[in-house]
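The two complexes that follow have chain A in common; it is paired with chain B in the first and with chain C in the second.
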Partner chain A sequence: MTAMVPPRHLVLRSPAQRVALRLPLRALVILALLTTALIVLTVLSLATGSYGVAPGEVWETLRGMTVSRAIDNVVWEFRFPRTLAAALVGAMMALSGAVLQNATRNSLADPSLVGVSQGAALAVVTMTVLFPAFSGGLRPWIAFAGSILVALAVRSLSHTSQGGSAIRFILMGIGLSAFISSITSALLTYGEIDRAMTALSWLAGSINAASWTDVRTLAGWTAVLLPSLLLTSRAMSAMQFGDATALGLGAPVALTRNLQLAIAVGFAAIATSVVGPLGFVGLIAPHAARRLAPAGMGLHLLLTGALGALLVLFADLVGRAAFAPVQIPAGLITAVVGVPVFVVLLIRSRPANAS
Partner chain B sequence: MSRVFILVAALTAMALPALGQDTRSYTAANGTFEIPVTPQRIVALNDQIVALPLYELGAPVVGSAGRTDADGNHFLRGGMDTLGIDYANTGIEYVGGFNGLDVEAIAALQPDLIIGGPYTDPGVAEQLQKIAPTLLINNNELGIIETMRAFADITGKTGNFEARLQRYRDNVARLRDYLGDPEDISVGLTFMFPEGAEMWVYKHSGNLGAIAQVVTDLGFREPAAITALSTNETNYSAELIQDLDADFIFGFYRQQPDATPANIRAAYEKFAPGWCQALTACRNGQFILLPGPTFGPTMAGLDLALELIESNIAARPFTPFAEAE
Partner chain C sequence: MNQMRAPAIVSHKLRAWSGVPALLLALLAVFLLHIAVGAKPLPIQTVIEALTGFDSTNFDHVIIRNLRLPRAVHAIVVGASLSLAGALMQGVTRNPLADPSLLGLTSGAAFAVMVSTALFGAASLALIPWIAMAGALGAAAIVYLIARLVPGGATPLSLTLAGAAISAFLGAVISVIHLLNQDTFENLRVWLTGGLAGRDIALLAYVGPWMALALLAGIVLAARVTLLAMGDEVAQGLGIRTGLLKAQLLAVVVVLSAGSVALAGPLGFIGLVIPHVVRLYVGSDYRWIVPYAALAGAAYLVSVDIVARIAIPPREISTGIITAMIGAPLFVHLVRRRTR
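The block that comes next holds the complex of A and B.
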């Protein structure tokens, strides 16, 4: 099965050699390290919180033994779904950013570029400020509808008789996003203060209300969207060299781009609908993954997803535990932690690029 | 041995309220729940709107959402000003901000009842149901009196509340007699931040707590420009400030270190230069600054607002404002 291993790469071939994978060892090692870090952080997240639960009690609770009803609640109903939701949301936002950067060939693309975050924000703020009685259980659906509507509007407005162009798509996204953000700001400014404060909490990207229903939603959509994305990764690799080259290599460029945009919007819309807009993850994670370990598109997506999960899981843990009982939304922590890390990565990678 | 006995006794005492409580059904904005007839450990999900009125009623509040100042200290908004209470001088524990609650900190307090409102994240309220019945009381719809009545009912303090309310109503009737025809006196309500960046105008039916309730109960007239507003509270244009003119204008400000009466007057000047000359109420000394506790949603807030109106309006000569037809 394994044959002709070039230095620093692992080559896998299927028995009939219909599929061959050439995987850089460094990226595999980094992926393994990130996965280990994710597991460690998950354990730490389950063992940390305002309610004093000894690690042994957490372990017994996870094994299905009831230490007390209160501890059962804390571990199973509060910490576990929150931990899983944080990781899943992080992975989804990161993957959305990676796909958008590839589809638009713009390294600054992220979910806010195509109006997904702004659409969700406008929908939720409108309901919270103007129709507070309806904004409870319907919130994820309202956010999802807002995201999808705005993404579709950007897509259709940027489409011309000659087809769509990446630059037109980006410009339309920026313009429409700015317009939508101004409406959201007006609602927050002129709405009743308590309602506006409630909406602001959601806008900051908070995972504190994550439930098992949210985890099932996030996991279900990830199970559908991630394999679909990985199936397009070969065409995505070709598209990195431009549409003409990709077409020359036989990649179905138009189909792949439409599929990519649909998947990117899906990832971001689902994640945003559950926890609110999480800034920077979709921008930072793909770049960080690229700088940590250059790899082919498929492995790059996995690295990006793992990094996004790690970033948001860390942000949520710090936000809920570092200054407890003060709760800091994960969205603020991702910005505070993520941006400096991103800058350091950029600076450290500069000499390597220059050589 | 004695230490073990004390520990067991203490744990038993903590557990007893939860174990042996009689319950009853109560219907709140978020549904019908079985709640203790006499709650022993209540967590309030808002300091000013829930914790203060509950504490005033004598209900056992063990935890409350609160605010955090620039130095990182937690405080109950309006607590020291209105009732002289804060986290430091009560047994109330801080459980996060009203829009950033720490559910585990709430669970650690072992409450038997949790009370929030429309400002409570519905997802968080669902989580809290797993700890104790969590009632969301819609104070915006109920208004200050009915909200306090609901709190009294929930906590078994109805007798206490109705007695204080009756005294307040008697004082309102007495003041109406002093005023003569309050329906002929127009009163405007404004709110200013010390930064002077924006000014809010409230309808008498607006959500400005005790003072708006008192103004309504006394039967003052609302200036036409305020009646014409489409919402209960409006971020008002500086260019239209003269439209707010009335016999009396009550300008409220939140009590905080940088919000002194002098700073608030300066903030009005910054917001709308020449504002005092533009308003006959101000020119004639009938623009009255009132501090934060007068808009707190408590019986103490109602009593204070009533007293301040009595001392500022009743039995004093004033220059009436003739509103344009």
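The block that comes next holds the complex of A and C.
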């Protein structure tokens, strides 16, 4: 018992001590470190590419000074939206995974594993192929509709009288994903070749073509969804102890769970509608965040978001720089990194959840 | 009691035997239909003439011999192999979810062929089956190892999950290699979606004999699989050397899966669907399930390939897309039913 050192906390109190916040110091430090790393990686991402730009020049450009017209153009028009989109998509996928894991009490959940991403993909591909005239502004909504349908299907299929089990939930998702993907592929074969090619590069989870419009969509939705998620974080902490305990603590369990599922699906659908299915980020980030610094739900979600952003930014950078003229979609890099993590989590899952 | 049961056994045998000619007839019918339909529809009469008395000056006969017959033969061989492999796997592991594609064997074989082509250039046709077999065996071993380490052991569910993880990983690596060597892989691109279009009959000459041998071995071993499906102790008590039998069956399954991948690319869910359908008719005796699965699998893949060729006229759907479309719902149903 003597070895147990309680984690140090930073305590903030309002003047009359009405409201007080007790924040774990370690988590705050890590969050600061992650933010710094995010900034460094952003600058690095802006500097890397077929047109070489020195990090110093990037910094100057970002501060509004024009180093040269070419650099201005490359940084502002091509690399900056791409970098921002990567970071935002990463954060959204990570948060979606964290919320899914909490709402389904399943440590293996990830939007791309349970079919949510594939649902969005099918909805968007259907629209692109069958109704090519539809406007891009509708895309997030259509993606959301497709995702929520699949999420509901997986949820209702994996629940039986004995209650759901973690592995069965995932397997159900894998089966549904295979079915949905086959329909998507068939639609691609059916569609016009040039439209199919656009859809194909999008399906690999590539951030190549992100524009400022995409960044605006992503940022707008994050601005709506993130605060609503943080509002439910108190009920989420209670739900970590199980439904009975959470109900006893006065948390609105049913309402919170439905809200959470909607938010998780929303995050995944919007991110997918912009860059295509991006696997395993939602699986890795929450676990890594928990490992780096135990924290309350709110802070944990922020850490998860930052880690997800870092992960996808890094994957995009590696995919761009590792085999220089060829660009590897970020989705492939995250899958290569993510599967070993998935296997380790599977091996360490509790026996109670195993079958 | 014995007198009561004897007629039941006889009628079951009769029922099982009576299915064989029906299946053979169905296979022949879809085989001829497969050759007849296409961009230039040919009358069945011409098809039969081309097969029985080939006339090299007749243009239709040349189409049939050089283009359509190889594809139909490929569909028969691959369909029979994959569903027989699936049936054996389900019996040995007592796992209703077993299938060469779900447990990572097909992606392992595809991965090995891909990597060896990327590293050493296009391998000779004679080597491809061996490379594919090594890949299938390696992937199967890794999947089994992961599933063993999961708390609760190698249950059907943990095996399937491990298989899905390995397939996802290998799939991503294959895509990366593919992107890096686009020129080398122009011809492999179609192959990777799992289709039967434009197959080279030369490869069948190398792989075919091995697969025929494995199919035969599978049918011979089938009687002992029935005992194995009752559990290792029961099988041992009845005088079966379970270790040896399992090794033999593993060899058969690996040869069949790897050969199918070499011929047609990774086709999913065939080994899952057919044995389950066959079981509805012949019950749980593997002496019947295994040969039935081979025949029904061949007829199934030939029919699916007909649909793939004519569903959207000017173009073709990859055969693998349709097998997944049919197989995935059954998979969901099986997972759902398996409530423990």
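Basically, the second predicted complex is superposed on the first by the 236 of 355 C-alpha atoms of A that agree within 3 Å, B and C clash if a C-alpha of one lies under 4 Å from a C-alpha of the other, contacts with A are read in each partner's own complex, and residues count from 1 in each chain.
Everything below uses one rule, namely that a contact is a pair of C-beta atoms (placed from the backbone, for glycine too) under 8 Å apart; a residue touches a chain by one contact, two chains touch by 3 or more.
For clarity, every value in this text was computed on a predicted model and none was experimentally measured.
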First, second, both or neither for A:189, with chain B first and chain C second: both
Touching partner for A:59 - first (chain B), second (chain C), both, neither: neither
Partner chain(s) touched by A:328 [first = chain B, second = chain C, both, neither]: both
Chain B versus chain C as contact partner of A:339, first or second or both or neither: second
Chain B versus chain C as contact partner of A:51, first or second or both or neither: first
Touching partner for A:70 - first (chain B), second (chain C), both, neither: first
Residues of chain A at both interfaces, chain B in one complex, chain C in the other: 189-190, 326-329
Interfacial residue positions of chain A with respect to chain B in the complex: 49-52, 70, 73-74, 77-79, 132, 135-137, 139, 189-190, 192, 194-195, 197-198, 200-202, 206, 208-211, 320, 324-329
Complex contacts: residues of chain A adjacent to chain C: 157-158, 160, 162, 167-168, 170-172, 174-176, 178-179, 181-183, 185-186, 189-190, 204, 279, 323, 326-329, 332, 335-336, 339-340, 342-343, 346-347, 349-351, 354-355
In the complex, chain B residues that touch chain A: 30, 68, 94-105, 107-108, 110, 118-124, 126-127, 130-131, 140, 207, 232-235
Residues of chain C that touch chain A when the two form their complex: 146, 149-152, 155, 157-158, 160-162, 164-166, 168-169, 171-173, 175-176, 179-180, 182, 193, 268-269, 312, 315-318, 321-322, 324-325, 327-329, 331-332, 335-336, 338-340
